[in-house]
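Chain naming follows the written order as A, B and C, and within any one chain the residues start at number 1.
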Amino acid sequence: MAMFLKNRRFVLASAVAGSLLSPMAAGAATLNVMQTEAPRSMDPGDQTATYTAALLDPMYEGLTKRDPDLSLKPALATEWSSDAAGLVWTFKLRPGVKFHDGTPFDADAVVKNFARHLDTKRGLAASGRLRTFLEGVTAVDPMTVQFKLKTQYPAFLALLATGPCLMVSPAAETAGTIGSKAVGTGPYKLAEYKSGEYVLQTKNIEWWGGAPKGEDEINWTWTPEPSVMNMALQTGDADVVNPFPAAFAQQIKANPDMTLSATDGSAVFWVSLNTKMKPLDDVRVRQALNYATDREGIVKAFMQGFATPANSPLAPVTPGYDKSLAPYSYDVEKAKQLLKEAGYPDGFSMSTIVQEQESRIGELLQAMWAKAGIKLEVRKMEGGVWSKAAFLDPAGKEKDTIGSSIASWSSGVNGADLQFRPLYHSKSASPAGANLGFFSDPKLDELIDKAASTLDEKARNAIYVDAQKLVNEQAPHVLLFTKQDLFATRAGVKGTWVIPGGLIIVKDARK
Amino acid sequence: MASIETEIAPRRRALSRALRWMAVHRSIALGGFLVGLIVLAAILAPLIASVDPYAQDLLATMEPPSWAHPFGTDDNGRDIFARVLYGARISLLEVVLSVGLAVIVGVPLGIMSGMSGRYVDQAVMWVMDILFAFPGIVLAILIVSVLGSSLINLLIAIAIFSAPVYARLSRNLTLGLKSMDYVEAAISLGISRRRIMTHYILRNAIGPIIVQSTLTAGTVILSAASLSFLGLGAQPPLPEWGAMMSDGRNYLGLNIYMSLFPGLAIMITVLGFNILGDGLRDLLDPRK
Amino acid sequence: MKAYIAKKLLALPLILIGVSLLVFVAIRALPGDPARLMAGPEATQEAVDNMTRRLGLDRSLPEQYASFAYGAVRGDLGISIKSKLPVVDEIAERLPFTLGLAITAYLLAIGIGVPAGMIAAIYRHGWPDQIVMILAIAGASIANFWLALMAMNTFSVQLGWLPLLGASSWRSFILPSITLAVLPTAVIARMTRSSMIEVMSQDYIRTAYAKGVAPQTIYWSHALRNALIPIITIVGLNFGSLVGGAVVTESVFNWPGIGRFLVDAVRYRDYPVIQGVTLVAVTGVVVMNLLAELLIAVLNPKIRFD
């Protein structure tokens, strides 16, 4: 061990002294943002985490972008068109754009960016969704690219504004450094990435859009401790805290020095029921669980009221959401009645697996369902263990007696297909996808597929209404609530907004 | 009348003797009192607490202490007082199980190692050194992550990192006792090794082992709390003190009672075991 | 003496091999698949398989261990799955923070614990003794994550005296190092007290008293010097528990050290990081223990840790 220390010219004293003397990002020109978790990568195409996406947002851009009113606008592409079938898309690229490392942005760069996702050997974390529908990308001329799709994909333009489609410098990609050193085209560029401490971004004065509107620097830090996030906002160590812990939200609301933002989110929380396991294979039992659930109670206790009780598998912000649905009231008697009909007059026992941060939902359900005679065993698991258990196949879940899994899913503004297909389509049954309860209904599969190939928005949304009704009736999930996106800022901070699902945008924020 | 007086007099004398003993051995008395308090709380929990420690009331969450809820209520509206009382059962179980397991594994290994020749001794001590080199929490994180987080696995993890202490202790005691005249005499008389280990070594080593156990008891409870903090502790809705405290920390700045009362309970228990251990050590110390 | 030192030094690599094997096997036994975690919940099976190959997890275990061990000897601990940076660099970036914290905490613990223990010993059974011992036992009875959060709430949020998080200036060291120092201070105070008491009952100290040597001289030069041995033992042998405490303290204070790094790495099943950090931490503990043993052997040739 001594060897490697010497090799690395590791000098303890000077390192400590250095860290004490170097003034880290201080002063009024720095916007301090604190989130719950560290970035997973500096490469937007190699991560699928919302808070990483938020951190990378000031540095990267896609062909399209979302505006604060959530509409899609041109970004690195200036205009586009598609053929009548919606399978060939042509994009004109914005001229005069350069990556932070000086590499010019052109058709070649776009082609390389998508080629890396289509290359199975590259194995990037966010490639999956693109590969399901994208055939290939070619350069028509230096400033024009053409996308060929395997199938129609209604969320295509929306997807172009997200992680896997954000443009990274081809030079950095070739050098293999993009994962640790961000190089994009955005209004901010990476100044320093200390993976244990912070990510510091500085203004990119050569940005194609003119002088960036935000502060000189953005400094990102993170902690998993809710009380610490609250304290950081109180002391001013953080100007923006995202997501803000619901427990402290009322307190912040009452404090004139701080501002709380609560907007409709897109994360739908649910309990996925193992439909391959007795007695949950009986739809009456699944409905009984839905009736035995006091959604208002959970919203109040777990989210301090900052959530909407779920009446559909879709979040209210998702296109196609039907707010008139009202499938399940809180009715313990009705639940008991259904259990009796299903042959369980004395109730039954089942288990649920849940991650640390959501374990209270498990505890709440435990007490609620007990009133209907259902004994729920809550298995709280650390994240890595949970995801292994949640994505088991039917045999594995049978063996470990995993009756249900508590989790959430957020597809939000990117279209209902991204909610229905991974969660309810029979082809997405785990381990292949996030249909954790192996729900299978040919009629629903047909609806999902039909909607995906319907380009007319109205007709598509009508199909999704049918799909919502079907899911509600078949109850593969006990749908709980849609979380509101909470973030808090010091009172002076202006220009911060959030894309439903918790992706905070701070590049235009001033304090 | 006379008969009563004659009965009281010796009792009084016994009492005053006990008081005098306690005055001399203040640590044992105080430590014993605190530990006894926790044991009593554990046994009498259903009698003292009038409410169910698992009963939720979502209309009365995070209330400050009141007559109805002497310690207030938690984030699910459960009575913290009842949970702390029932939690005493779990904490004592933690102590008994992990210390017991560590002793059962560590002591025989140590004695065997001390009695055997140098190769067995070297090998056992090598393994113990490796385990000992791991910072306890780090080893526990690994073990609990492998086994899955539950109270029992947590206790196994704590037992594994405590065992080397007992192995070392009993080995060193064995080495010392082995060279005592009466043990050497027993060996030369041809008494079986097993009998020597149990009758001559273990019997004489038991004092220091008891002292060490009392001192480890406190560490067990604190380690369990730390592991709960890292998300590797008891499963809900068990009223385990570490888990309660760790839940409560998410509300610090809003409600202090959720973490304060389980924290105090932990402190009193650990304090009790530590004082008792100190006292026992003084009492059993042959040098005095 | 030389033979003893040689024997101890020879045992070092053996222990390190054992430790590395144990860490390696334990990590492989962790439920949870790093490839699945990296690929994310939306990933297809194909993406997970690709990720597995990219991370080298499709190779056999002996192969994986061989490459890990060969790398470790050359000072290469692999690439972090999560950050894609070399683990050695990541550790080198964080180690100074952990060591800085540990050293500050130890200095505090010795600076407070030794005098407190001496005072307790000198006024044995008097009120200073009682107070020191009550504080020492109480200090060893508090869960340090809670103490940390309470201290933050009091000194940073309520009073605004000290920085809340991070390691941006020397003032940032105050809260975490005090929190971390509580337990070793308590242990050192108790240890100092009992060894001082023992030393002071020795004949040569009594002789010194009889000769009329000033009590201050006796305490500081005669008694303390001999009481030092058990204190060194405790400091050396408790390094492991200090590292353990650092894991928790760093997590609370957002301290950029290797303790928090380890906790995060376990969360994401970042195998190379867990391996590397554990190996470095354990090496540190083994070396500290060894130093303590050797120092004691030099100070008092009669004591040997065989």
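A few remarks follow.
Basically, a contact is a pair of C-beta atoms (placed from the backbone, for glycine too) under 8 Å apart; a residue touches a chain by one contact, two chains touch by 3 or more.
Worth saying up front: this structure is predicted, and the values here are computed from it rather than measured.
Touch-path distance (fewest steps) from chain A to chain B is 1.
Put simply, the chain farthest from chain C by mean CA position is A. Looking at B-C and A-C side by side, the one with more C-beta contacts is A-C. The geometric centre of chain A is 44 Å away from that of chain B, both derived from CA atoms. Taking each chain's centre as the average of its CA atoms, chain B and chain C sit 23 Å apart. For this pair, chain A with chain C, the centres built from the Cα atoms lie 38 Å apart. The set of chain A residues touching two or more other chains comprises 225, 227, 231, 234, 382, 384-385.
Among the residues of chain C, those touching two or more other chains are numbered 30-32, 149, 153, 157, 251, 266.
Counting partners per residue, chain B has 145, 148, 249, 252-253 as the residues that reach two or more other chains. Across the interface of their complex, chain B is touched by residues 11, 14-15, 18-19, 22-23, 26-27, 29-32, 137-138, 140-146, 149-150, 153, 157, 240-241, 243-245, 247-248, 251, 262-263, 266, 274, 278, 281-282, 285-286, 289 of chain C.
Taken in their complex, chain C has these residues touching chain A: 16, 30-34, 36-47, 50-51, 53-54, 73-76, 80, 82-85, 88-90, 92-97, 99-100, 149, 152-153, 156-157, 160, 163-170, 251-252, 254, 256-257, 260-261, 264, 266-269, 279-280, 283. Those residues of chain A that touch chain B in the complex are listed here as 225-227, 230-231, 234, 245, 247-248, 251, 294, 297, 300-301, 356, 359-360, 362-364, 366-367, 378-382, 384-385. Across the interface of their complex, chain C is touched by residues 126-127, 129-130, 132-138, 141-143, 145-146, 148, 218, 222, 225-226, 229-230, 242, 245-246, 249, 252-253, 259, 263, 266-267, 270-271, 274-275, 278 of chain B. Against chain C, in their complex, chain A makes its touches with residues 1, 3-5, 7-8, 10, 12, 15-16, 19-20, 23-24, 26, 38, 40-42, 47-49, 120-123, 125-129, 131-132, 179-180, 194-198, 221-225, 227-228, 231-232, 234-235, 237, 382-385, 387-389, 391, 422, 431-434.
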